[in-house]
Amino acid sequence: MSALALTSASLFGLCGAALVGIGLFGIVTNPDLLRRIIGFNILGAGIFLVFGAVARRGAAMGLGGDPVPQAMVITGIVVAFAATALAVALLRRLASLTGSATFDAATPAPPPRSDA
Amino acid sequence: MGLTEAFTLVCVVAGAILFLAGTLGLLRFPDTLSRLHALSKADNLGLGLIVLGLLPLQASLMGGVKLVCIWLLAQLSAATATQLIAGIAARRKPGA
Amino acid sequence: MSLVFDIALVAGLIALALHVVVTRDGRGAILGFIAFGLLLGIGWARLASVDVALTEAAIGGGLTGMLLLRAHAHLGREIAPEAMARGEPRRWLAPAIASGLVALALGAVVLAFPRPAPSLAPQAVAALETTGLGNPVTAVLLAYRAIDTLLEKIVLILALVGVWSLSRDAAWGGASQLRPAVIPEPLVFLARVLPPFGVLIAVYQVWVGADLPGGTFQAGTILAAMALLVMLAGLRPAPPTQARALRAMLAGGPALFVLVGFLGVAVAQGFLSYPEAIAKPLIVGIEAALTLSIAGTLALLVAGPPDKAPAS
Amino acid sequence: MPESLTLVALLVLLASAAGLAIVLRSAVAIEKLMAVQLLGTGGAATLLLLGAATAQPALADVALLLVLLSAFSCAAFTLGEGEDPGDAAKPDEPA
């Protein structure tokens, strides 16, 4: 494991941290729920990248990275996609019921989904 | 530097320049359709030259075949995608 | 040089993410997000995680983009334009500061990772021989941590049930309407020509996934994309969700997985442990069934809740 | 040799990303789609170059996927088009 690879892993880890911040900002500030779902995906991508940095740092035995975090990220990407699809379906239903793609200003807006 | 390496470098650099040209075309051409023209040039030739340049580096025959397949697939999808975009542009125009 | 490349890539990713979050144009944000997924795929390749790069390129750059574009088109039809465009976010300073703090804290954590990094790679490689596989990531997914993968399949099915249950009562069990009103000619051509390549690539992915980067998720995603393309071009209608064959295919992968898992209790050391002699054929068999069920689930997740009443 | 291949990969990536940066600010949605298309091809070229530079032939598979799916996004984009050219397409009309 060379110093260069370590630096590059940290670089992507920092990028992941920044993406988490950006995604969070998008979720909090956008009134449009579809845009919030996109923000949620950016946040997820950031978390996965931090995990990717962990995997890259664990390179050993001739592998480019630790396979366990990599496998977990693959699982995570697929589950995040399923969550996105469910959120989109909820949003479409909300839109056909209320004719609006936002939560009304009168009701305090909870996040579309806080876990998953 | 051997002859094959020189060949690889020349091809690959030429491919990169074509990509740059495609971007310039996107920047400089006035309307959507001519920009599309610039873009498809970059797609086809740039990727083709890079594939050509990388062919001598392939360890196995399969690797080379895969590279050529990527290029062929890119040709196909770029051509169709360009048609699709042009169709949208053409339909958009009278409405706009 | 490679560090310069990484810096450029990271800068591109962050700039694109910022653009996606702040732009006013909804469709532009989705296109930006697709581009973001493509770039992120390159980033994963730089992190030497080719398996993840394949998954991210297929899901982030392909399926999620289509899901969002479909949702955007649907919302555009449902919602009056005046309700759609509602000024810019009112308060952004406090959220920006808070998000920045979260990012900084996470960044500090990244920099504070322990210096000789902990790694399970030696154990993974040491146990690789007992599975007969050559790709450690596939081995983790389908052998050492098979329970995670199994649960994930179940989560996918649950998400699909959730999506279906959001249909109108009358449309329950019916099919989704994927075909646009006007189908451009090149789209039909694409839908005729591309799927054979896609199926070939998917089979190849499952095949090499045992020893090289690739595997069920990637192959399933490609198959799902191809199926969607065919339905989009109107060559084949979306299947009614009450069809027995469809449901059997969706449940088949996880069911086989569970079955093999319980077989492990009987003939090997416990739930989801494979007898060593036939570990590889078993894993490849599970992979094949899982690929089909993942492909079906992902495609139907994108297709969304059924909106046509069932025929019978 | 790996160094120069990485340099060329950087150039290709920068060229495609620059195209994206220019076009994302334009008002026409199909031009953004074109830039995504360019990024798909440029990304594939970048990955091929990187794969050759770092001796990871598997990166060619990622490139294959990018090429396959960039056509797919293009097809997905046609969904919002052509239905009723007034609603969803509003912000995209060139003024």
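By written order: A, B, C and D. Residues from 1 in each chain.
We adopt the following convention: a residue touches a chain if its C-beta (ideal position, glycine included) is under 8 Å from a C-beta of that chain, and two chains touch if they have at least 3 such contacts.
Since this is a predicted model, take the numbers as computed values, not measurements.
The interface with the greater count of contacting C-beta pairs, when A-C is set against B-D, is A-C. Taking each chain's centre as the average of its CA atoms, chain A and chain B sit 32 Å apart.
Centroids of chain A and chain D (each the mean of its C-alpha atoms) stand 21 Å apart. Rounded to whole angstrom units, the spacing between the C-alpha centres of chain B and chain D is 11. Annotation for chain C: residues touching 2 or more other chains are 2, 26, 46, 48, 50, 70, 72, 75, 184, 187, 190, 194, 197. Residue positions 64 of chain A each touch two or more of the other chains.
The multi-chain contact residues of chain B, meaning those touching 2 or more other chains, are 73, 76-77, 80-81, 84, 88. Remark: the chains found to touch one another pair up as A-C, B-C, B-D, C-D. Within the complex formed with chain B, the residues of chain C that make contact are 184-187, 189-190, 193-194, 197. Residues of chain D touching chain B in their complex: 1, 4-5, 8, 11-12, 15-16, 18-19, 22-23, 28, 30-31, 33-35, 37-38, 41-42, 44-45, 48-49, 52, 57, 60-61, 63-64, 67-68, 70-71, 74-75, 77-78, 81-82, 85, 89, 93-94. Chain B meets chain D in the complex at residues 5, 8-9, 12-13, 15-16, 19-20, 22-23, 26-27, 32, 35-36, 39, 42-43, 46-47, 50-51, 54, 57-59, 63, 66-67, 69-70, 73-74, 76-78, 80-81, 84-85, 88-89, 91-92, 95-96.
Against chain C, the residues of chain A that register as touching in their complex are 1, 4, 7-26, 28-32, 34-35, 37-39, 41-42, 45, 48-50, 52-68, 70-75, 77-79, 81-86, 88-93, 95-96, 99-102. Of all residues in chain C, those touching chain D in their complex are 1-2, 4-5, 8-9, 12, 15-16, 19, 23-28, 31-32, 34-35, 38-39, 41-42, 45-46, 48, 50, 53-54, 57-58, 61-62, 65-66, 69-70, 72-73, 75-77, 81, 85, 180-182, 184, 187, 190-191, 194, 197-198, 201, 205, 208, 212-214, 218, 222, 225, 228-229, 232-233.
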